[in-house]
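Structure, as structure tokens:
Letters A, B, C and D name the chains as they come in the text, with residue numbers starting at 1 for each one.
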Amino acid sequence: MFTFNKKPRDITNRAPERELGFGRIITTTSRMMNPDGRFNVERQRTSVWDNTYFNLVTMPWWQFFILTLAAFVSMNCLFALLYCAIGVEHLSGIEPDGFLHNFTQAYFFSSQTLTTVGYGHISPGGLAANMAASFESFLGLLSFALVSGLLYGRFSRQRAKIVFSENLLVSPYKDGRGLMFRMGNARRSEIIEAEVQVIMAINQMSAEGVLERKFFALDLELNRISFFSLSWTIVHPLGESSPVSGFSPEELQDANAEFMVLVKGMDEANHQLVHARHSYVGEEIIWNARFLPIIGRNDKGIAQVFIPKVGAYEVLN
Amino acid sequence: MFTFNKKPRDITNRAPERELGFGRIITTTSRMMNPDGRFNVERQRTSVWDNTYFNLVTMPWWQFFILTLAAFVSMNCLFALLYCAIGVEHLSGIEPDGFLHNFTQAYFFSSQTLTTVGYGHISPGGLAANMAASFESFLGLLSFALVSGLLYGRFSRQRAKIVFSENLLVSPYKDGRGLMFRMGNARRSEIIEAEVQVIMAINQMSAEGVLERKFFALDLELNRISFFSLSWTIVHPLGESSPVSGFSPEELQDANAEFMVLVKGMDEANHQLVHARHSYVGEEIIWNARFLPIIGRNDKGIAQVFIPKVGAYEVLN
Amino acid sequence: MFTFNKKPRDITNRAPERELGFGRIITTTSRMMNPDGRFNVERQRTSVWDNTYFNLVTMPWWQFFILTLAAFVSMNCLFALLYCAIGVEHLSGIEPDGFLHNFTQAYFFSSQTLTTVGYGHISPGGLAANMAASFESFLGLLSFALVSGLLYGRFSRQRAKIVFSENLLVSPYKDGRGLMFRMGNARRSEIIEAEVQVIMAINQMSAEGVLERKFFALDLELNRISFFSLSWTIVHPLGESSPVSGFSPEELQDANAEFMVLVKGMDEANHQLVHARHSYVGEEIIWNARFLPIIGRNDKGIAQVFIPKVGAYEVLN
Amino acid sequence: MFTFNKKPRDITNRAPERELGFGRIITTTSRMMNPDGRFNVERQRTSVWDNTYFNLVTMPWWQFFILTLAAFVSMNCLFALLYCAIGVEHLSGIEPDGFLHNFTQAYFFSSQTLTTVGYGHISPGGLAANMAASFESFLGLLSFALVSGLLYGRFSRQRAKIVFSENLLVSPYKDGRGLMFRMGNARRSEIIEAEVQVIMAINQMSAEGVLERKFFALDLELNRISFFSLSWTIVHPLGESSPVSGFSPEELQDANAEFMVLVKGMDEANHQLVHARHSYVGEEIIWNARFLPIIGRNDKGIAQVFIPKVGAYEVLN
């Protein structure tokens, strides 16, 4: 069995910027992490194929569908041109006519070959047409095998959907105040052994008078739960030891403060590791507000959670 | 290599309700966990697609088959209507007649196209019919690629089947008594590094006189084995330190006691993590009974286990 | 990142029989583990489907092929019978004749439908034949999607192939002797972070004079390597502290001694956990012998290993 | 949840050659690890199938395509010969003629059957031809199911692409010098919890005057980062405790020094463990040089990395 972490990862002895794999990056003017958790970096690639698989399994479903359809149409067009070049008179069942007619008929024959539907009212005759058709049907099956593989690749990436509140709140917490955000689990499957970490990045003047980007790992009231079923409010107590305490709302914005949230866990649906990330910047902090409750109980006494309201809050005065 | 836990996870310093990801949930009248291990919660979803994949890979096989068949029939019906709209006279091989006849013939043509069987005694003529047929055959292959992906998704979830005894028994154990249940491994594959944890949830009056739901992690005689091949009786000794000791059978039921069992391990068949859960409530406790042995030895001297009898017990007097 | 074990798992404080998940099993007359590592147990199953997936992905390839072919032929036969029942006169292209002729023709039509080849020289006419054919082609695609899923299931189980020497040797080791066996990695892919554990099971008279099965975890010279590329000789030093030391060759056999080897690691080829097991019994021990070297160097100075000779030894005198 | 390593793996108490799974290998004249990370060993295989799956999923894409196409053509040829043997007069639609004509026509029929395109202008008649065609279409679907499985196997191996600098540099580092190399992450997906280890192998004279191959684990300035997004320069400080310090450039080459780099991490794209390896030999060390910066900032203030320049350096004087 895999071990289970007993304590939160001790990051006190580690430079928190290490956590993000950023080296000696100096002050930035843009966010380092996009709200959706992707790092805000630009990579000069080594080859056009570098990200092909990654892109194919991460693009939205409609985009994947369009792309597949476009590939299908393109391949048909190419083969239709090839059949026209060979001569459509070698496709028995087609009456040769003008190019457009020939191309259209050849296109339909190509489509019937690529998908292996092969009605047979058009069929190849002669060596060249037969060879082209044989190769096309081979290619067709191979392509759909490829699509099968990609589809499973997409499915196996299906992962926990963690919904984050849009804002960080500064709320009353115990005797003082806490910096809080809330996450909801939008799927029916549990996230097991969920663990969260919050890193603040901020521009600060160093002792030598140089403006530097500093990183702080924020202490959390609770950074780990065994089952993340419903919602979870993460609290960083704004005590004296908090690196956030000294700042006014304006100062946080001026210093280009960014709060990066890293969530880890295991998705019960496919038993795969889950890594969700989120980022809040200074202007997304609401001072002196409180999250509205989203866990209720239905009339059968069963716990109920309103995921779409995960960011709902009320301002206090 | 993944590390292996030397000791059971130390949960003494952790609030056991954290283990379940339940926050400050107060007294419940229904069970918190269903007997099959699903948490008894209701989630307001954010989108209708939230649980699509999860549902498709977890639904029973017969349901998956019916759903696939229904999708197949529906797609055929839709395309049959489309062919009727285009005009069945564009499908050579069909004699146009009344709508029902046309629809039926178009349905069969559609089915032959979607599955790419394409006998060819019916074949598309004209631009519109050909384009519809081309798109349909594309869609057909795509759908079956999707089904391939889902089927493998279902297979890769194939997991250990742990059978739990229907009851918790209070049995003689060493000098005193123990709370026991038994699990059996119904598959031929071993569960490696199996680990179990039992949490009791119970309504209790707090010091301030408020009825609260309290959680206790129960100590177990043995909470971890390297190979779970046969059966395993989990024992919580009812000693003085046990939080169960103070209660009479009636009190446990009145306090809405619930015993949640969490099992972890690795399934040897597909090398995936296994998480099984079970829950017992007060009325499922049998006081003063003993499990009947289910491990025997066949006539060749080989150990034998009777999984269907995992819950068999005898009442003592 | 997954953690990596710094030290061998400490099993000194654990009863080694726990490692095997065997409870209070008393003396056995047969081996507890087969030489191929499967536990020698018999499980009363709860449903006929319990081991279906496990069997389908673990059976040998030729068996899987035969089974698939048999399923194909059976489905064709069933549908052929159905078409005969509907009446082969509804399959245009078939000349109805005697039953055998009809059945054969219907069988071929069925095969053309199930595989979606659909030449079309036989084609369905009439409602019933069309519906049957439509359903059959649907079933055909579904079945092959299922086979795709299973094939990938089989591939993803493709794992390290560890070859064990046929014998345990008692060989000279440092100043004394050691119990040794040798393993070879037959694949081109490395096994990463390989870890090995050896447990001896033996019948012993307890203090109360009862013959009991005792388990001992044997100390190993080295129980963990980072890359298992070539071969690895595992050594249990037969020092004073060894539980094997007291026994003569005959006594080990009389006491039904069994040495169970558990190997863990990660296969680089598919990044999956590997669990290999092997078992040696008393009569497989060769006393006073030595393994012949199998690692050499070819004429280009490259290390070379002769996996098929992993069990080669010479007897010393 | 998988645990996360708090500290780099402590290898000070372990013989570093253990890390590589090399036993008592004496001085080598060739490199032990190829620059691409494969160990430079030759394995005598036990069966021709030993590496089939491994080869099929690791060969380059064009090779995989050629192989699949070759298998397709071969199967068609074999079946074409079989149809010729049965007699092409049993394939209605073919006019029997000379062997070459018959074979070609039979080949095309075979191809239409294997891919299940089945136009039908050629169709089997008679028992033998029908049985062969039925079996071939079955085989065709099975083969393409197999290819689907393999394609997904290839996809699921899609992994982080770590680009290494071509050279090891001896560069100024703090008050002294350091041995450095640089890695870049060429993919858009992060490598999570990346960890690196460097082992030096070198021929050394032992106290007994025997030339032996010794292994040293080199201390690194930082051997672990949480997110490997951009580039990472690994530094071994050449302090007094460094085993490299005593050697001149020539001595390192004479002693056949080899620096083996082992990188571990988790690829975010498919949540799989990543193991990259690289090896540098003596002549690949550049003395007194410095890596040129490759992380910049584009005009929107976003961090930018030039992966193809990962090995760019300037010589100092």
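Everything that follows uses one rule, which is that a residue touches a chain if its C-beta (ideal position, glycine included) is under 8 Å from a C-beta of that chain, and two chains touch if they have at least 3 such contacts.
Because the structure is predicted, anything quoted here is derived from the model rather than measured.
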| item | value |
| --- | --- |
| Superposition rotation for chain C onto chain D, Cα-based, multiple of 5° | 90 |
| Proportion of interface numbers common to chain B and chain C (over half same, under half different) | different |
| A-C against A-D, pair bridged by the larger set of C-beta contacts | A-D |
| Inter-centroid spacing, chain D versus chain A (mean Cα positions, whole Å) | 27 |
| Whole-Å gap separating chain A and chain C, where each centre is the average of the chain's CA atoms | 37 |
| Sequence positions of chain C contacting 2 or more other chains | 2-4, 112, 116-120, 148, 152, 156, 192, 194, 224, 266 |
| Touch-based graph of the chains, sorted into line, ring, star, complete or other | complete |
| Touching residues (chain side chain C, partner chain A) in the complex | 2-3, 116, 118-120, 148, 152 |
| Chain A-facing residues of chain B, complex | 2-5, 9-10, 18-23, 25, 28-30, 32, 39-47, 50-51, 53-55, 57-58, 92, 112-113, 116-120, 122-124, 127, 130, 133-134, 137-138, 140-142, 145-146, 148-150, 152-153, 156-157, 192-195, 224, 262, 264-266, 272-273, 275 |
| Of all residues in chain C, those that touch chain D in their complex | 1-4, 6, 65, 68-69, 72, 76, 104, 107-108, 111-112, 115-121, 144, 147-148, 151-152, 154-156, 158, 161, 163, 185-190, 192, 194, 222, 224-230, 232-233, 266, 268-271, 295, 297-298, 300-309 |
